[in-house]
Each structure stands twice: as C-alpha cells, then as structure tokens.
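Take a look at these structures.
You will see two complexes here that share chain A, one where it goes with chain B and one where it goes with chain C.
And now, the complex of A and B:
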C-alpha cells in the first residue's frame, strides 16, 4: 500500500449517521453539519470500554447458563429448565431442527461472539497486522448475529403468558432469563463500542 | 484530477478515503480495501422505503391488536398478544426482562417506523419537516434494538413447545408480525440516507 489515505490523516471525519465527509472539528463538541450526529475520528475509549463490557458479559454468561430460565409446575411435578435442558427437551421430543436453532442462537452465538470480540480487541491492542480484511469481516459478522441470542427470552415470555392454567400447569420465568437478557444487551454494547477502523490504524502506523 | 474536483467518500469500517465513482442506477460501490458497502443506489429509494414503511406500520397495528397464539384446552381458550406477554413477565417480577421485550419488539420497531415516515413522507413531497436532524439521530440510535425477526422465530419455537400441552391456534398477529418483519427489511434495504439528506437539503 503506497498511500493508505485514511480520513484521520487528512483531518476529515465521516458521519456515522448520514455518511457525510466533513472537516474534523476541534474539541469534543464537533457535530456533523448536515444531520447533527457527534463526530469522532475514532470512537472514544473504544478498547477500554469494549474490554469492560466483554468482562461483564463473560461473568454473567455463567449464571445465564446455569440458572433456570423457566420453572414449570404441573400435575406431574415441578421442573426447572435451563437453556441447555430446553434444547435437550426439543431434541428428545423430535424437533431436532428447532433444537439446533435454539442451541446455535442461545449457546453458540453468545460464546462465539465473546471469543470473536476478545480476538478483535487483543489484535488491535497488540497492533497485529495479520488478515485485516478477515478481521473486519469478523466484526461485521459479530454485529449481525448478536441479536439472535434474544430468541430464548422471547420464548420464555410467550410461554409464561400463555400457560397460566392453574389446574394443569404454571410456567414462571427463572432468574436465568434476567442474566441471559443482560448478556445479550452487554455483548451488543460491546460490539457497538468497538471501532473496526482501529484494525486498519495499526496497519498504517507500521507502514510509516 | 485534483481532490477538490471529485467527491470523496470514506469507508465507515476501515476509514479509507477514496474517490466516489459514478454510480449506475441500482449499483453498489464497495470499499476497495475492506469490502464494506460504501454506497448503494436504488432508483427512487426514498419513495420505495416510504411505501414499505407505511405497509409495515399498518401490519404492526394489526400485530398488536390481534392475539399471536391461542391455546385450546378442555373447553378453556387462552390467548395473548405482545403487550399481554410483556405484562405477564412484569407480573412475575421480571420487570427488566419485560422492559427488554417491550423495547426490542414494540418500542424500537415502532419508533423506527414512525421516524422513517416522519422524514420520508415530507422528503418525497419536497418539504423538510421540523427537527429533522434530531429525528434522524434518534432513528440511527434506536435501529439496532429492534429485533422483530428474532421475535418471529421465538413465536415459532413457542408454538412447537406448546403443541404437546394443548391445541395451538396461530393468531392473526403471527402472520402480521411476519409481514412487518419482511416489509421492514425491505424498507431498510431501500432506505438511502444520502438520498434523504439530499432531498431535505434541497427543500430548505
């Protein structure tokens, strides 16, 4: 790359809202002249914020998977369901394709998202130069798939609302649902606070 | 050619500054370094986005008025809609989760649809609505939190889980939510912030 011209080098900034390229203002109060979105050459404190959110999400990932997300009591006794036992139930009852969907959305996606974010932040912090295109793609993927982990929160909500037949069965949400919702929100904030342009900054600094 | 003569675009993912090529109608420009989509042009993008949004808004009302699922069980018939489901979580001391469900399936999608209508309808008529900047900013902040497509999948999973308990009757809202999901995907795909702002600026 002969002249990797990033906007920062030309003292320009792109607006995240409307895409307008404008002269980077001085100070923190700079805003896009067209739509008013605050302009940052880079997201502020990107690495520190992303780390904090990753750690918080990783800690909550444990209770999210161990605590019951749903408590069922019926004529046949009481039963506590964790996310994993819900997957097993779907599998045993013959809907293996849905079991797979829930397993991927609730267990694989949050875990993979955390690992991917750690790789991205670490690689930026260590000024790594390998595979910038792939790492940028990885980031886009993380942003794209994160929302699907919300699946089980919705399922529990609908089941709680529908199954209130006192005589036959009652379903109550368990504390795991709260932890799980928190993991989804925290990982979404973590992905938002990471700035993919940092991947390319380390490339340019090493070039110079 | 000098930098001043040709408009520049910067990639939002890798920050590479590049000259803007002439974009054919319906074409896509990708970043030459990281492959991110830089510009996309649809013919009449704002009109299309507006039409899809209005359709989605109409179905969204249906989706919240009618029940999503009903259960038939030994004479009893139980049904719920989205707001009723969130209410049930709230009553079970899960206020944060109820709030999360309400934001991601109701408030955020509704805010996005209303904001898009508020901006696109006057823009298509050649006018600029008051507070356009604020509404646009609010819309970009709210957008990632709308999760209707995940909710629709959640309904399907619930149906399967309930099928062994009782006779499950899919409600009108199930189909409406599916429709909102598809129309909103089409609306965001055809929405072009550059086209919108060009029209709003011309209207001033």
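And now, the complex of A and C:
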C-alpha cells in the first residue's frame, strides 16, 4: 500500500514545545533533547482521557437539563427555568424560530458532540477501518463547534449582569447553568484529548 | 518495514533523552468523571433535599388561584407556590397543589389552616389591599397539633386570630346572637381587648354559643366571677336624672359587641381557665346583678290586667329592688271556674338584711322568717301592681304597707306561698271610678222624676187656663184696639175729605197771599193809584 509513512512508524516524535523532530525510540518516557518537553509519538492515554471526559460530560448532562439554569424573581412571582422550560416557553409564546435555535444550541449540539466523541473513541478502540476520512471530518466538526454550544450560558450570564433591579426583579444563575457549563467544557476537553491520528494508526497496523 | 528512510537522514536527527519512568502512574484522568459524578450526585441530592413538601388545599372555587403564580405566605414570607389547580372529580371543589419550602414540613399538621387572601372589606376593616397589585396569595396559620397532614381544606374567611396570638378563648352562652358577628369587639372598661371569633347554634336550638378571644394581657381580668353582657347598640335610659345614653363605642353600634366586667371583690381571683363557659347577659344591669343564693319564692294573685308585666320585672319595696317576677302563668281554677293568673316572684330577703346595720347577722330560720312575714302582712304589707313607666305601660310589683287594707294573711300551704295583694294604682283609679258610679247610683232619681212630672202637670194646667179664659178676652181687646188704630189711620189718609179741604184751604191761602203781593208791588210802583185808580195801559 502506498501509504505515506507516519512519524510513529519510524519511532520519530515532534516536540510540542519547540517543534524539533527527534528519534523517540521505543521508550515511553522520552524528552526533547533541545527543550526537555516530554515527547510522545501520540497523545498519551488519549483514549482513556477522552473516555473519562466523555463520561464526566454525560453525567453532568443530566443535571444540566433537569435543574434550573435561571432563577427569576420579580414583582409577579418567582420562577425557575430549565433549558427545556425556556424552549417550551419560547415555542408556546410564538417565537418558534428562537425556540429552535435554543433547542439546537443547548440540547441537540452537546448531545450530538457526546455521541460523535463516543463513536470516534469506540471506532479507534475497536480498530475499525471504516470511513477514516469521514471520521476525521467528524472530529474536525466536533472541535469546531466546541465553545459555541454555550448559548444558554451566555444568555443567562448576560441577563444576570443586566437584570439586577433588586426590588423589582432579580435573576440568578441556577445550578443547571453550572452543570451546563461543565458539560460544554468537558466535551471541549474530550475533543482536545482525542488524538485523530489514532484513526489512521489502526489503518496502518492492519496493513502490517 | 518497507520504505525505510535512509539511515543517514535519520541519524542526523537528535536522539531523545530518556527519563526514568515512574513505577505507578495513576490514571489521574478518571478523577474527572469521578468529580463529575460527585458534582452530579451532589446537585441531585441538593435538589432532592431542597424539594419541599407538596400539599393539596381544597378550595370552593379557583378564584384568584393561578398555577405558577399564586404564592403561599406565612407572616408575609414566601413559603411556597401553587403548582397546579385542578377540579375535583365531582366538580364540586377545586384542589390546588402547592409546593412548599422544606423548612415548613414539620408545620404541616392537622390544625394548620390555609385561606386565600384577597382584598376584603368586612367588619369595618379593610384587609389584603396589597393583593390588589400582587395578586391573591394563600395565607397560612401554623397549627399546634403533632399529627402530620398533607391535604387541607381552605377556610372561607381568614381566621381572625392567629394560633400563636397570646390570649385566651372563652365560651359564652346567649339566648340569641343579637347583633354580634365574627369580629365583633370585646370591651373591658371600653377598651377593645378581644373579639368574637366564632358562634354556632346550640344543637337543641335553644341558644347560641359564642367564642370570644381575649388578647393577652387583658385575659387575666377574666375570672370565674366575670360577667359578660351584650354591649350592642345604644342603651337609652330615661331616669330621674334625665336621658342617659350608653354605648361602648361607635364600632359596637355598627358591629355589636360584648363587654365584660369583673366585680370588685372578684378581681383578685385567679384568671379563668381557657374555654370557660360564661352566660352572656342582655345588658350590664342584669349582668352585674348579684347572684342570690337565698331565694324566697312567692306567688301573687291579681284581680286586674297583667298587661305590661313581664318576667324579670322588679319587685320593689319602697324603692329597694327586693326581687323579680320569675313567671306569669295562666290557670283555670277548677273550683271557682275562673281564670287566674298567678304571678310568681323570687324574693331575695338577703337584700333587706344587707342594708341593716349588723353585717354578720345569722340567717333567719324558716320559722322566724314566717313569723316576721306574717307580722308584716298583719300590719298591712300587700303586693300591688304599679306602673313603672307611663309611656310604655310597664308594670312592676310594689310591696308596701296599706294599713286600711282588708285583713289577709299569707297562705303558707299553697306552693309557693301566696302573698296577699291589693289593687294596684290603676286598679285604684278603677275603684274610685266605681265609687263615683256607686254614689251616682244612690241618687233618688225616681223621686226627682216624679216631682218633676208633678210640676210639669201644674204648669200644664195653668197654661190651659191661659189658653181658654185669658186668651179670648185678650183677642177682643186687641180687636178694639185695632179698630181705634184703623180709624186714626183713616183720618190721616190722603184721599180723606178732611185732608182735601185742608189742602184746598191752604192753596186758597197761597193764592190770596200772591194777590196781596201783586197788589203790594203795584202800589209800590203806582202809589197814585190809591188816589186816581188804575190806568188802563199801565200794566
């Protein structure tokens, strides 16, 4: 197979710190001879880390959706809003397009990110040779979406900052916002810790 | 390994330094999901723990209730929110589901009360005005029971007294409610110290039981001897000192009210226990009347109308109320077949004795009392109906001495003993009228009549004689007289010859005088005529 050689195959590693290419050998604890940065052929324990972060994000996804992300109290009563109740409110009050945006940004996208990460990690772990290009593209997409799926957190943050009329109305972020932010951050980390080169490693090793 | 790059190329690459590998590298990354799980678990726990009790409150209707908006408040602090309002299955009621704060859980007991607070104008006061803006809310009064409960029935009206208000509740018994209502004030020395918090008809329908609440610290003035009376409305008394208007307050005029007073000698007594029953008297006078232990029942028989005499009318002995009328009955006496109306009275002999100088007299024995009363009656003591008020015609029983009354004595054998009576002041008037009639009756009217007739007969005879004997002669005389007058008149008439002649004569005389005057005139002008006679042309 006319497959271009990867650095791993030649036991070569690029330093993350200074970009020096050096022979890493088979030893795991290699360091860059120039700047001393630990050298890895691949991101170390990428699969395990990604898994851990995915699990953590999945755990927090539940309270993020069930707990109120916003506690409003005004002259006309106190109200606790979850993401879903906000979507329902927007939908019922006629702003269906806004409802759709919030629904996609706050519920579908984090969920899709988690599912995509699980697919990627699983496929690498099972040494699947299926659609490597597509999977890489999926990875790029996950990374790209990253921090942009925090719409609700942005909205809440803005509202909290803007609406502090004390006597008349107060808005406070609820515990759901914390969980929601954590989910977004954890999925970002999970995407970061996943090494997309592993997708291609399995292709090579099966070749050999 | 195909496609090995040239060794010279690779050898130019620097060799990586090797570092000793730590023996055990914990998979630190798994701490992340662990922490996430902990955080998730903590959040879940927190929200579960913060989840307050959910209760159901049954209302008559859902007016003012709104899911997600209506709050539950205790002492104006939000303690929950109505989450759902649903109809009961039989459509008769509305059940509101409310989620309360967790801290309130221990207070959800049997006698915890819920009610809807809306703007309300009642009992002369306005409440819940704040709800005009903020909307209705559910008020709570925390109970004292220890039995937990989760479904409550809302009160129709807010409770007047919160359970934790210091003070005591007492029960009053009255013949009727009068003008009292929920919230009617309770006065002590004209100071409002409590209010009526409930009332209900007795089960036998014979009276009304009221519940009043007397706020602390005034509740300690309620002792077992305290007297309550109905202070509703105006009490107008027409007495010797003029008109006396008595009312507790303007509010009691509108709302009615209850007043109480504790007799001086009973003030030192310990406060009455909560829920003690008291009698609610109709007015202050009756309420403060001393309870009499020494009661002598007697019966009176009057021979006159009892209109105006009421049960409770005083029995007065020379200005001292000695007792009161306790019953007026109507009976048919089988012996005389007459309707009699026995008037029973309660006499309090102690009152007479209380006014005597010796304070610690031993009570009279029954025998001594009998003798004493017998002596009194022997010297003329009688009962009499007297008019207490000429306007209203109210009567009272007066005991007084009538030395000239016919002898009578107390009939001790009747039950109760019967005290002799004498006709009352009205009866006396009747009696004197009768005396007048009697005297009239005794007049010799027949004799007078006979005499009168005789006189009339004599007169008649006299008239007859006048008629038959005197009258004709008078007529004749009158006839003569008329003739004389006629003759005189005839002589005077115009066409009578005598009259004519006289007139003729007078006329002749006139003419003569005229001729004489002409002769005189001619002679004046022509005196010569006397000598030469009248000339023919001198006219």
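One rule holds for everything that comes next: the second predicted complex is superposed on the first by the 174 of 208 C-alpha atoms of A that agree within 3 Å, B and C clash if a C-alpha of one lies under 4 Å from a C-alpha of the other, contacts with A are read in each partner's own complex, and residues count from 1 in each chain.
Simple rule for what comes next: contacts are C-beta pairs under 8 Å (C-beta built on N, C-alpha and C of every residue); 3 or more make two chains touch, one makes a residue touch a chain.
Just so it is clear, the model here is predicted, and its values are computed rather than measured.
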Touch count on chain A, higher of chain B and chain C: B
Touching partner for A:128 - first (chain B), second (chain C), both, neither: neither
Partner chain(s) touched by A:108 [first = chain B, second = chain C, both, neither]: neither
Which superposed partner A:84 touches (first chain B, second chain C, both, neither): neither
Partner chain(s) touched by A:162 [first = chain B, second = chain C, both, neither]: first
Which superposed partner A:52 touches (first chain B, second chain C, both, neither): second
Which superposed partner A:21 touches (first chain B, second chain C, both, neither): both
Chain B versus chain C as contact partner of A:192, first or second or both or neither: first
Partner chain(s) touched by A:136 [first = chain B, second = chain C, both, neither]: first
Touched partner set for A:118, first chain B, second chain C, both or neither: neither
Where chain A meets both chain C and chain B, residue numbers: 5, 9-10, 12, 20-21, 34, 36, 178, 182
Contact set on chain A toward chain C in their complex: 5, 9-10, 12-13, 20-25, 27-34, 36, 38-39, 45, 48-49, 52-53, 55-57, 59-60, 62-63, 66-67, 75-79, 175, 178-179, 182, 186, 193
Residues of chain A touching chain B in the complex: 4-10, 12, 14, 16-21, 34-37, 89-90, 93, 95, 98, 101-102, 105, 132-133, 136-137, 139-140, 147-148, 150-155, 157-165, 168-169, 172-173, 177-178, 181-182, 185, 188, 192, 196-197, 199-201
Touch list for chain C against partner chain A, complex: 1, 3-5, 10, 13-21, 27, 29-33, 35-37, 39-40, 43-44, 46-47, 68-69, 71, 78, 81, 133-135
Residues on chain B engaged by chain A in the complex (per definition of touch): 8-10, 12-18, 33-36, 68-69, 71, 73, 76, 78-80, 84-89, 92, 94, 96-98, 100-101, 104-105, 133-134, 136-137, 140, 144-145, 147, 149-151, 153-158, 160-162, 164-165, 193-194, 196-197, 201
